[in-house]
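Order as written gives the chain letters A, B, C, D and E; numbering starts at 1 within each chain.
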Amino acid sequence: MSLAVSLKHRFGTFRLDVDFEAPAGVTALYGRSGSGKTTMVNAVAGLLKPDAGIVSVDGVTLTDINAGLFVPPHKRRIGYVFQEPRLFPHLSVRSNLIYGARFAGLQDEREFDRIVGLLGIGTLLDRRPSKLSGGEKSRVALGRAILSKPRLLLMDEPLAALDEARKAEILPYFERLRDETGLPILYVSHSPAEVARLATTVVLVEDGRVAAIGAAAEVFSDPGAAHALGLREAGAVLTARIEAQEADGLTRLSTSAGPLLLPAVNGPPGTMVRVRLLAQDVMLATDKPSGISALNVLPARVRDIREGEGPGALVRLEAGDEIILARITRRSASALDLAPGRSVHAILKAVSIARESVGEI
Amino acid sequence: MTDWLTPEEWQAVALSLRVSLVATLFSLPLGIFVAYALARWRFPGHGLLNGLVHLPLVLPPVVTGYLLLLTFGRTGWIGGFLDGWFGLVFAFRWTGAALAAAIMAFPLMVRAIRLTIEAVDPKLEAAASTLGASRPWVFATITLPLILPGILAGSVLAFAKAMGEFGATITFVSSIPGQTQTMPSAIYALLQVPGGEAAVGRLVVIAVVIAMGALLLSEWIGRMVARRVGGA
Amino acid sequence: EEVVVFAAASMKTALDDFAAKWETETGNTVTISYAGSSQLARQIMQGAPADIFISANSGWMDEVEKSGLVKDGRRRDLLGNSLVLIAHGRDAGQVDIAGDFDLAGLLGEGKLAMALVDSVPAGQYGKAALEALGIWGQVAPSVAQADNVRAALRLVSVGEAPYGIVYATDAAADENVTIAGTFPENTHPPIIYPAALLRGADAAADEAFYQALSGEAARASFEAQGFRMLD
Amino acid sequence: MSLAVSLKHRFGTFRLDVDFEAPAGVTALYGRSGSGKTTMVNAVAGLLKPDAGIVSVDGVTLTDINAGLFVPPHKRRIGYVFQEPRLFPHLSVRSNLIYGARFAGLQDEREFDRIVGLLGIGTLLDRRPSKLSGGEKSRVALGRAILSKPRLLLMDEPLAALDEARKAEILPYFERLRDETGLPILYVSHSPAEVARLATTVVLVEDGRVAAIGAAAEVFSDPGAAHALGLREAGAVLTARIEAQEADGLTRLSTSAGPLLLPAVNGPPGTMVRVRLLAQDVMLATDKPSGISALNVLPARVRDIREGEGPGALVRLEAGDEIILARITRRSASALDLAPGRSVHAILKAVSIARESVGEI
Amino acid sequence: MTDWLTPEEWQAVALSLRVSLVATLFSLPLGIFVAYALARWRFPGHGLLNGLVHLPLVLPPVVTGYLLLLTFGRTGWIGGFLDGWFGLVFAFRWTGAALAAAIMAFPLMVRAIRLTIEAVDPKLEAAASTLGASRPWVFATITLPLILPGILAGSVLAFAKAMGEFGATITFVSSIPGQTQTMPSAIYALLQVPGGEAAVGRLVVIAVVIAMGALLLSEWIGRMVARRVGGA
């Protein structure tokens, strides 16, 4: 059990009452503004002493209010990327970045250069934080936390101020952190794409409570959670294996649902990856289509159909061992005469699968 | 220059400089500590400590000097103890003048530092702690640099006050030329005789020049610090 | 009517005592501002609303008179005082203050408390006396100068300095000091407290109080504190 | 000419040198972190005196360095939502909100209630900013600027800290601001969806320079700008007219390219709306497909094909008077034998068009 | 109580309170203005103004008092002018005591306020200006409330200093019972009297009690303000 959190805290009329356990990997806290995410993260960091509760990381109890245990923040070795940058104004960017390293022991210059390069802050090292742009500040804050060599990383919307291109550069790095170093990460984000891509476990927070928790694949393909997630973000996560990198830049993958052709998925043949298929990007056809630009057509069987309040319907499909979610209109569902057990073809365009929707396992 | 002021007056100038510098520098660590305690901690004796610090401001200097005489004098209980155990004597020594100046200047120093400590955003300190810095480290690497303007202001106030302190000093350590006769004592003495005004004027000019120098230096350092932190 | 008196601080006990008596007797009010003679003189020269000035030395009275603020012929030497050597404690030994008086030996490591020797009257008289005795040179390094004679007394009183030179009036008032000896009159200029009626004094009561200062009731108050009336 | 900006400014090694004019409506500044967006906005607000340049709004010159003209910020009547909240810490949320109103003249209580309701900050009115969550702060900051009744609104990533649901509530309000009140808005955002939906004019900023500028429809369907935009965000903007609201929650629209069925577009029949079609959501078929869940199939003709460096190709289509952009793989393009002049069918799912991609004109 | 202190001593207590309050309150607006100017503006006389403000700290109080006597005295050039045009007389009045106290306390007040002004984030002021607030409005609604802690600290320092001020006061306005005899002057006079220590002790206790009251009040207000702003 990598992370166990059980907290009760009260702020005026707001009550936090959460209890969850999450395995190693990235645990995403997802929920609306004011639902209590930052409060939870603060309690894990030891910056907030909750009214009651327990926090333990990798079996080490850091907070146990009943037992009178409260490890001070500096002994927790938890890196924290705050929601606002919180850079030290009197220190240069460089000194901000290496601030934590001195407490963590030896500095690793290569690691420093790597992070600085990744974050694109190499030209800013001698500047003071007051002379940085908003996004530059948040990148430095990110680097500072990572370079403190923590045993748990807390990130409160670390990419909110960044442009898409920069995000696309950083997300793979987070994946590597998660996979290569095994560093557990508690990740707050409003972006379902980020969450679905990174998270091993998703914790849906609603009004100070845990509304749903589970593996990312489950929570995102659970039609019941679709509402809390925002309909547009519902989707399934498939496990795939890279088969070949083809000459025209496409990557051939195999899944238990059938072969997939996607644009440039990095990795040598044999690499296992996760592919997020947004429900709204999946089209259904009863006849196998032809003369169509979509490269991926997977045979599937309808498991169930859930009609929403609006004009849409969520169709859960079984394809091989995988679950695929498709969001279509009710009108199409009846036009196609869809019903549980019916065989259909799931059509998806290669380019519909965003780069940030594919991540290494 | 030597005929502009008497050698004794030059001595007084030199002594005042030494006394003020020593008073300021030696009281600085304690001043920072007390300011920090008053700004950040809640403890039973808080009000009392705060009151004690401000006492030299409220009391007429003569009274403070008298109280110093009673406690730190040769026969006073602290003075006797320090003399007996450490051979540290304040009575009739320049060290006593420095002690008096330090105590008179202490409230000014503490307030200035305390005000800037109160303005430090605890969120920055919290951020430092998550990066592994223990309380003392946080203080040394975050709080202390951020309160530099207050330390500077407190020091220059203390220095200026020390340069001007008279009542407590002369009451505590008298005025012994070359040992405890500071510039204000010399000035006072000159004011007591008819026609001493010209010499007073010269000493006053020197005091003002020294203090202005300290002031300008502190403003300059302050601007450097501000530029480093990079306002605007 | 109100009489405003500016008086040297060292006269407070005696003058308060007499003024109270005079007030009950005449029904007038006496308001007395006590401070250092130099401060008072300067204030008078800057237009302070004082009716009568009593200085602890002639120098400052001369200054006031020079600026034309003393009513013609209305200045006189009011009181005299004597200069004594005091020692800490109730029963210190007596010394004979004469030509070969070894004050430096007596002091040893200790200090001799005096008022400022170049500016405050008590200090100036003391320095003159020690010079006349030919021992100023030996004693000078041991002299601790206070800003006024009371502060010098206090240094001896609390035991900070073993000996001091003050007026007899001061010595009499403090239980913790003993008069070890009196400086012969011929060793220092006469110690004189001049009093004067000032230009601004136009009330009858001012004149009356000025006169009464030399009266019998005043004598009683002053002599009780060890002053000598000069006539 | 609603907004004319011509600025030169130098910050250390960074040089800003921009010159653009934008008509009424929302002008979006879009560009990578550190490209100079905030600097430009500050210069417009009068918080930065540029080294040289001119700023004028609705024909009123606010800054003209050469002419020695520099209207102070408080006389500009420009509402500014800063990149960070900048709330007044000593004032309650309510006092923060009405701060600007006192200078703008009479307060409008109904407007106040409306904004507070829209932003969901009704329960926070008596709190101090230090007791708000990150997203709550940014909502208050937004309300504060809007309630100051400005004649130009500057917004520097106003929605970055907000969850999808809240964004979806606020975006239509921005549209109404733009359309009903005619308030010109300068809008900085890293979200292409937001930009495409709101912006009348898009200014692409790259490294202190204007890389492209034009009507949103043009910039987003310009294959040349696709790179600066991020490929995934390329797409066309169609003008459509609401024809009918159908019983199952779908809205029938007409465009010059043909009819469209979309989920719940608000507005009575006759309303003109803008529909953003992401290039990657458009599928092409040479034969008219059947038995397919997609409701919208538009006949079109290939105008040109631009192949990228990767496996993709951008196909520009003519459909009626509209331009539609489709992003497909090169492999599909050759499999379907696409070439300029060829007739194809553009297929799009009703649910693919996100709500935030449809906005009133 | 009346036999605990003489009526004259009670008068001194009352006078000191009045003098200190008036000195503090009347110098506050100017103190805030000067602090703001020193903190925020760069102008040719900056260093000079700064030096002038600190002067009373550097000079022995007696010298300050003497200079006051020369300028604000009945025959002094400012004093004469104020008397002639406004009928405002400082010499030998309690107003003069208040003036002396205000001048002596001024550097303390200005420094405290200046330090907090320097700590105010100009970005907040910029935000207010975009909302339509002119400079004076920004000052009144943003800066002023944010520097309350400094104003409070400056006021309490000034009040305490005014309560204890002796040298300049007695030199400037003498020590006329009921008119200019403040508590410190009364204490000084009592120290000249054999056996006056007991009365001195009583006056000192009163001075300390008053100052502590002011101090505690200011701390309490400060905490209220901090709670309103709502740090951590």
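The criterion applied here is as follows: a residue touches a chain if its C-beta (ideal position, glycine included) is under 8 Å from a C-beta of that chain, and two chains touch if they have at least 3 such contacts.
Here is each chain with its UniProt name: A, D = Molybdenum ABC transporter ATP-binding protein; B, E = Molybdenum transport system permease.
Owing to the predicted nature of the structure, the values given are computational and were not obtained by experimental measurement.
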Query = When you check each chain against chain C and chain E, which touch both of them?
reply = B
Task = If every step must land on a chain the current one touches, say how few steps get you from chain B to chain C.
result = 1
Message = For the two copies chain A and chain D, what rotation in degrees overlays their C-alpha atoms? Round to the nearest 5.
response = 180
Message = Averaging over Cα atoms per chain, report the distance between chain D and chain E in Å.
response = 57
Query = For chain A and chain D, what's the span in angstrom between their mean Cα positions?
reply = 26
Inquiry  = Using Cα averages as centroids, what's the distance between chain B and chain E in whole Å?
reply    = 20
Key: Whole-Å gap between the CA centroids of chain B and chain D   = 60
Query = Counting only residues that touch at least 2 other chains, which ones in chain B make the list?
reply = 62, 66, 167, 188, 191, 231-232
Remark   = Check: chain D positions touching at least 2 other chains come out as 131
Note = Touching at least 2 other chains, the residues of chain C are 154
Note = Listed by label, touching pairs are A-B, A-D, B-C, B-E, C-E, D-E
Note = Given the complex, residues on chain E that touch chain C span 62, 65-66, 69-70, 73-76, 91-92, 170-171, 174-181, 185, 188-189, 191-195
Remark   = Contacts from chain C onto chain E in the complex sit at residues 4, 6, 9-10, 12-13, 31-35, 39-40, 42-43, 46-49, 148, 150, 154, 170, 172-174
Task = Please give the residue numbers of chain D that touch chain A in the complex, ascending.
result = 11-13, 31-34, 38-39, 83-84, 123, 127, 131, 133-136, 139, 156-157, 160-166, 168, 190, 192, 230, 232-233, 248-250, 261, 263-264, 280-281, 283-287, 289-295, 310-312, 326-333, 336, 347, 349-352, 354-355
Inquiry  = Touching residues of chain D toward chain E in the complex: what are they?
reply    = 45-47, 72-80, 82, 86, 88-91, 99-100, 103-104, 128-131, 144-145, 148
Key: Complex contacts: residues of chain C adjacent to chain B   = 36, 38, 41, 59-60, 62-63, 111, 113, 116, 118-120, 143-147, 151, 154-155, 158-160
